[in-house]
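The data blocks that follow each hold one structure.
Heads up, the next two complexes both have subunit A, just with different partners, subunit B and then subunit C.
Coming up: the complex of A and B.
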């Protein structure tokens, strides 16, 4: 059970992530992603929306699976730019780990 | 009141003779199972039949022309068409008879599609088709030309309900030159729309919309408005409704809050007051009765917002849980500026919006409402209304966060999808729940935080359970029809399983009821938005104006007729009659003696035949369906004389 943190999306803006709330969770990005891996990248974007910081940090390795092929960004019906969101999350996770927050 | 039109110009058909039989292939629908040519060949051997023809589509122009030519040339005088169901094309072919200069009632229809080719195959299909056609021909030979029943129309419309739809219908009728009486139960005009502020999706204000409409209604010389009024007496039929309207001082508590608001506003009669409407006239001090005659009635009795049960989403358990209409009222008193919305002095940092409250309830999953019913329908307007409210607030108070809990988002109409897109741009955060796993509203254990906690199993987060602290929960409640069971009973109007009034046909006759002369406008029929209610009201008004301006209506003459040479005045028919006022015993002179005899009011008669069955003298018959005609049909069905020898 997780407490929703609606401020998290704003916190991420410093890392170039500012389109997460445009996403309406259709799953097109996960369907087209060549990784075909556990709702990636939609799952990460939903985690941003609800502010599930712990889940993002725990599953951070998945962020580096992304090939940055750009298919998700090209097909996103909401221009939520999923590829760029994943890159932004990488920057966020790296910054957290430098601060020693990443286990 | 009831006049018979002059007999149609055509010459009287020869009794018993000159029947034309026209058999349709229905493009294979019939001819794939029925040997149409054989049916024609055998039909020619039926007594009275002078010609039998077939056509691929008898309802097509060439098919109808064939019939018309035979009538015009004098070859046939009576017509049988053997085709699809009479409900589809009986009227088509009767009209063809009229176009040929004939009487439309010397026509008989045989159903070879629904009753034969769609349900039988092989030689039996052709055999059954042959007997049905022969029976129809035998009846056609017995038919007499009839005249439609012509009823004069009282030149006035009654509109019941003074909300958006009722006002619109009244105004449209008056602008078409018709006299209108508008009856409203409450002391106010404006209905449920007057309980709103800005209307989704366009943002027009209720004040402007109702103010303009009600103002025009009150100023129009052709419209009489009675508030605090109800229909107590109802009788009659299309063109001649007789009504008793009573005006009384309403139950004290019911409208006291609105009357209080009205007196505080300092507004006078006919001025719009938010969350009240307009009060055009003083509340009557004593009971008044008004007798009224009307040619048509428009029902615009409207809807009421669903009222949640105590404990439904924490309603009435927590003061922070409100319905959308309650929220809109509170919002009107809130400061318009400021980073955060402030309601009743409380800062609203986070607000939950919950969709489908009192709508789309599922048997076996949702609890029945106190009346023992479920609202299984979608109320259609709540998604747009609540997202519109969220957008307005978010754009005014950017620090107030919205959490939207939906089952499905149905922003289905013009300008509504944009509300949803705008809500995402306004950073409204969406959660999706399954039916039966509705969000729970709990007290927030964190005493320093917001008072409430919404717990949801969120489909969008892969079924994970999430909790959101909020200061306010707004329930997007659906629409329920107003309880008009008294009118339903008096007028005998059909009600759907969803308790809304039931139109004749959802596509082809969407504002008509099966009771002729009574029309539907607005949310008494189904959940509508304001624009849709107005469109329906406009359609009903035009339908009503068409009846009123024509001045008369014509009804099919398939009603009971008394043969006074046989009637002995037993009164059995009157006892058996199912329609109030259709049959009565009246005094008349026969052979210098005053006697009691049955008399039919053709306008009230349903043509059901209950009287025919009980008359010991066989003195009463349904025109166009007499016992003699039935007998000739049965004789022909059991006869083998016309069948070709195998």
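Coming up: the complex of A and C.
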């Protein structure tokens, strides 16, 4: 069972993740993403919104599939900046890993 | 796919020890300038800053060939122990595995850039001690701490040398210096990609070269919106080019950025882009060392913008 944490989005702001709540989950980012992979990056943004921290840590490896090509950010109708959110999540996961948290 | 944090720790250890992610002291692979004719610093001149990207491509390719064999094998697990080997030893091993012909080819691109800048009468100088890796890979992979430490060192060193104007040769370094350094180090420079400074109209005339198809790197096409610059250079030389549907701001990724964590994924993205470019049935021209190396892997006839410009100027001048 996934635990949700409404304060998680605020916790991520220290890693540059500050536009996640702009996203209304339209899926444009997942449609244009060259990875064409399991609703990426939309899925990760939804996890941020509901505070599903464990889901992000369990699927952390997927964050590094992102090519940082910027197509999602260029086409996002809400300027939620999905590419930068993924980059911010990488920073968060790297920081967690260095603190010894299991990733 | 490798465990990303293993790769990041290895690269971060290299950057800490040798100031570049390859673990090879820059003096060993940054040698292109020895055959570039030299340039003297004058007041107001810009620093030519390669970011060590073109000269590093043969090393990146050698690394990727070995990573490709390890990926998803039982040996992939052991990669994390690589950081315990001193960077100098890792680097020497890599240096040994890198073909001299490849080094010469990529050094030649930098020498050509130098030559066409001189022909365009651009005031610039080069000093290998002031040319650093930008740290962009650490930033892209999410090692913010490592990126900040390195970027602050580079920015501070350049400021200490009184550098204000910088000429860049690749999109990743351009993005780092133009967008990331002011934001994260507080230091700003006047950053200009070399192709926007070229004035070669009277030198060439196309010389009957066949049309080329352009592959825009993501960072020039989309992030920095500089796709028009190389087109302007080609038009001024009378060189024809054709566009593919996914170009400029909507260019497709070549797959290069995935190389360090998953050569297999990189290959998959590359094959898709290669098919788009092949449909144009023309030689490919790009202006990023990562894209160039990756597209070459797909077996496409591809060359760097600088090589095409240099050859045209030679024939016409």
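In the analysis below, the second predicted complex is superposed on the first by the 101 of 103 C-alpha atoms of A that agree within 3 Å, B and C clash if a C-alpha of one lies under 4 Å from a C-alpha of the other, contacts with A are read in each partner's own complex, and residues count from 1 in each chain.
Definition applied: a residue touches a chain if its C-beta (ideal position, glycine included) is under 8 Å from a C-beta of that chain, and two chains touch if they have at least 3 such contacts.
Given the structure is predicted, the values throughout are model-derived calculations rather than measurements.
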Overlay done on subunit A, so just call it for subunit B and subunit C: clash or fit.
-> fit
Using the touch definition from the top, say if A:69 reaches subunit B (first), subunit C (second), both or neither.
-> second
Subunit B, subunit C and vertex subunit A (Cα centres) - angle in steps of 10° = 130
Examine A:94 and indicate which partner it touches, taking first as subunit B and second as subunit C; both and neither are also allowed.
-> second
Given the superposition on chain A, which partner contacts more residues in subunit A: subunit B or subunit C?
-> C
A:25 contacts which: subunit B (first), subunit C (second), both, neither?
-> first
Does subunit B (first) or subunit C (second) touch A:8, or do both, or does neither?
-> neither
A:61 contacts which: subunit B (first), subunit C (second), both, neither?
-> second
In the superposed arrangement, does A:78 touch subunit B (first), subunit C (second), both or neither?
-> first
Which of the two partners, first being subunit B and second being subunit C, lies in contact with A:34: first, second, both, or neither?
-> second
Subunit B and subunit C, closest CA-CA distance after overlay, in Å?
-> 24
Of the residues on subunit A, which ones does subunit B touch that subunit C also touches?
-> none
Taking the complex as given, what residues does subunit A use to touch subunit C?
-> 15, 34-35, 60-61, 63-65, 67-71, 74, 87, 89-95, 97-98, 103
For subunit C, which residues count as touching subunit A in their complex?
-> 1, 3-5, 8, 140-145, 218, 222-223, 249-250, 252-253, 255, 257-258, 261-262, 265, 269, 272
Going by the contact rule at the top, pick out the subunit B residues touching subunit A in the complex.
-> 350, 401, 403, 424-425, 427, 429-430, 432, 455, 458, 460-462, 464-469
Which positions of subunit A touch subunit B when the two form their complex?
-> 1-4, 6, 9, 21-22, 24-25, 39, 43, 46-47, 49-50, 52, 78
